[in-house]
């Protein structure tokens, strides 16, 4: 058997590297009907903000070739309801939780992190993912993740709110000229790891009505079609770490993973853990299936430890 | 019948908006076996540099979900052979030609443009497309199109070399934080139009050998999977024109067009002409098929002029 | 509901097509899916994967369950009625017997059944009638008087007129073009039927515009409307938040609720019809967490 | 060559599968493709689209033409031999009779035929033998003595041993594991055959490593090697520049040439075998326009 355990930094070990992707698995109950969410390395919840949010109008999605576009607008119950209902439920079924937090200002991120920290089920939390692909109201709605300073600001404030032993992951957007700059700013500001990648900004026109198909006009592109962009982003940042351009921290890979083979691509490029997002809509059991397939593949290739496969494609 | 003619600026009218995409159609002879290349609005040739280039080692391609990754490395005969052999041939069959030019320095671009201008078959040229997605040797290989100043520099020098009546198109890369900034820099430097988009930087790992699949490590992602990114880029730049953030110039749309419906998406987002790239590999007659399908679609929707459909999705 | 029963209520299976036949404008398909067949209730739906190994269409397509036979020669079967409108439905209707399709289901909430034997009117638009015959059977078993109204644009788009006569106590047919039954909409004969039968519930399934008018007519004539909606769904299982609609909760507040898990059946008077407009649904200003600028 | 004839030499057609059967590890498929059948010559190939309307696999798959029958009961047919190794070939071998496949062809350059009736040895590795029987027939028509060497990893991966006996004047079989014929590689018996028959040409089709050793053996024994290569191809029609290999031209200079239009058949001694290494091909330093940093 391959040793699948993975070290996420700050001494956090997970039994395996497979996770859900934020916003593609809700907060656990729904997928628990298909598989035991405690079988995952960690369960990543939908990005939560300070207050309840209704999200955007509909249509909120469009299917695209080998992918989809979405514009949900971070609909959610707010951090209060999250720590009172969702987190305790996840804890009750034995899940390890990686909550994803969001905000419209760096203060909001910090406030969400603080509420999370002070909550009763916080001991089920194995790390916090900071979704910095949110519009920054203070800067004409420019997405935090597009600006190294704004990103660093958010990460720094969140890091301060959380206990030392909880690793903080900055989730990066691929929609930037140089992702290593943003990665570097986040790590320097205190991120213990990076999650890559969030969706690409895209758009679909409804050619019957000749208007934007999504209520929100633009949306996030996800699914297998964007996997090459995810692999490239992970590779570039990992390469920058090898070259000493930023400190080496674990990378959680996400983007277009549908099979164990796909997961191995991201791992070989440098990811220490894998999230499965859009593929869940095709196959609700995808995260555990991908874990099984990845494990079989590693074993067939003679790997004894999952960690030996991480970044293995560099320097070959 | 729908009036398909299109004005590309500087008084250049094309009989229809369909074009090949640079690098996806070679220089005409090969596709002329499948359809008459003079039936296209214009034939866009493979980006040509000053000298002959062997390009990169192989493998140069990987299939990806609804797309592909390529790393050709601008293999080509050099501008000398181009103006002596390829351009005269295209002229001989009556094609309208939009040569794509490239360089490793702004001087090289200018030199290529000058050789083109002085060539005997230059009267078949209806415009020049400047592929600024090339690494700039003077700036650590940073791609020109990722930097507004470098882009403007290239466009300015090329514009100077060409007669007034030849429109110059800057071909933009989507791999930037804000494409409107680059667009604006190019137009201010003298571009008469913009071509959007070039490929996205991507990567595939060969999971059998656990190494990058392409000889060139990273490559360009193209095909239907990236269409939402092309539509978004065209929409954003067109929106910026409507808002007066840059002068209104024609946009040539390219990225993931496989059918007439796809073409209409780009047109409704703001494209005045359409290039078909990767789809040619699936169907060698794709450019003329797309033209026919687009024409039928416009006619079914009651458009009398193609130009009325351009940017029609804005403000709906 | 205990966690255990929650986890047991949905299944995913590779279903064999055992029969497929053309019925007017639709394809009536029978799938061997014993797990789904055993659990399903009228009003629930199934989500089918499309296109096999080479598929670039990732999202499942949803179909109302027309009928289930929990046991039979082939094991339990599930029947659906498919209108081929796009790439996914075209692929599905092209499946031949013995081909397989990956099915997830049953999904969503079923039509609530009245506890007393009240009269009911079941209204179906186009293939929207598909789930109603099964429902009619269940209602009549409970002693309800059942009438059906089937409407469509034209005769070929009606589904199940013969079956309706078998399953109910009275059938009215309408078509927009008058090619079958009376010319007009299903909402035209509805007032008379509700009044005559003193119906307590009107069940509806069909396009949004139709469901809205059924709701108005039912309200005006003292009946409760229970409508099965059809929103664009990416996952069908409650995890993506794409299928939301503004619905008023028991606390009187409007929320954007997921039609795949909290629907597809809603009480008509709870749906915020005022927010729908040409394929878009706005978030009403008074909704919980009203819209702000936000990420996606 | 005039433009007209250039334009006429390739066609695209939607071909019906009229026969498909398992042959050892391969699937032998017969397609109705009269246009291709009429134009094709041995050594050329066809490019098949994969997966239909929902397909996320955009690129065509290339296959050597095994045989053509320019006219017949169904119109002209084209036969191919397919090894299912990935998603595209799996889809192709799953096609049933009457299914259709979109075909482009004939593509590439055919095997050059000797002008005099010299002896020839035809060497096929695995399904690489597919195009050789047709070639053998044409060579014998020209009075050439033809011997064949068929090799594979194991017996099930040999293709056409019986047909080889019919089509040639002598057949040698090799397998890596000795499960059929002599244990070893096709290059083992080759020297003896060339010497004995005084062969002027060795034709080869199979994996790169094999083609290289065929070339070396042929050279050492005074014969010319003509080898059909198999490079990763995105378009197959000469427009994408993905299928290039370093080949020495008549001017003695190495260029990265497109194997889809200037090949797939090359003179073995013109191929820069030194540049190939584990699935990669370097651009030799002395190639025209030697590599620099560059865009893609």
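So that you can tell them apart, the chains are marked A, B, C and D in the order they are listed, and the count of residues begins at 1 in each.
Quick note on the criterion: contacts are C-beta pairs under 8 Å (C-beta built on N, C-alpha and C of every residue); 3 or more make two chains touch, one makes a residue touch a chain.
The chain list, named the UniProt way, goes like this: A, B = Dihydroorotate dehydrogenase; C, D = Dihydroorotate dehydrogenase B (NAD(+)), electron transfer subunit.
Fair warning: this is a prediction, and the values are worked out from it, not measured in the lab.
Chemist: Measuring between mean CA coordinates, which chain is farthest from chain B (Dihydroorotate dehydrogenase)?
Modeler: Relative to chain B (Dihydroorotate dehydrogenase), the chain with the farthest C-alpha centre is C.
Chemist: Using the average of all C-alpha atoms in each chain as its centre, how far is it in Å between chain B (Dihydroorotate dehydrogenase) and chain D?
Modeler: 34
Chemist: Taking each chain's centre as the mean of its CA atoms, how far is chain A (Dihydroorotate dehydrogenase) from chain D in angstrom?
Modeler: Spacing between the chain centres: roughly 47 Å.
Chemist: Mind pulling the chain A (Dihydroorotate dehydrogenase) residues that touch 2 or more other chains?
Modeler: Answer for chain A (Dihydroorotate dehydrogenase), listing residues that touch two or more other chains: 65-67, 209, 218-219, 223-225.
Chemist: Any chance you could list the residues of chain C touching two or more other chains?
Modeler: Within chain C, residues 56-57 contact more than one other chain.
Chemist: Taking the touch definition from the header, please name the shape of the chain graph: line, ring, star, complete or other.
Modeler: complete
Chemist: Considering the complex alone, what residue numbers of chain C touch chain D?
Modeler: So the residues of chain C touching chain D come out as 50-57, 87-88, 90-91.
Chemist: Write out the stretch or stretches of chain B (Dihydroorotate dehydrogenase) touching chain C in their complex.
Modeler: 65-66, 224-225
Chemist: Where on chain B (Dihydroorotate dehydrogenase) is chain D touching in the complex?
Modeler: 23-26, 29-34, 46-47, 51-61, 63, 65-68, 70-76, 78, 93, 102, 104, 131, 133-135, 137, 141, 143, 199, 206, 209, 215-216, 219-220, 223-225, 278-285
Chemist: Which residues, counting only chain D, touch chain A (Dihydroorotate dehydrogenase) once they are in their complex?
Modeler: Contact set of chain D toward chain A (Dihydroorotate dehydrogenase): 56.
Chemist: In their complex, what parts of chain C are in touch with chain A (Dihydroorotate dehydrogenase)?
Modeler: Touch list, chain C to chain A (Dihydroorotate dehydrogenase): 3, 6-10, 12, 49, 56-60, 102, 104, 231-232, 234-242, 244-245, 255-256, 261, 275, 278-283, 287-296.
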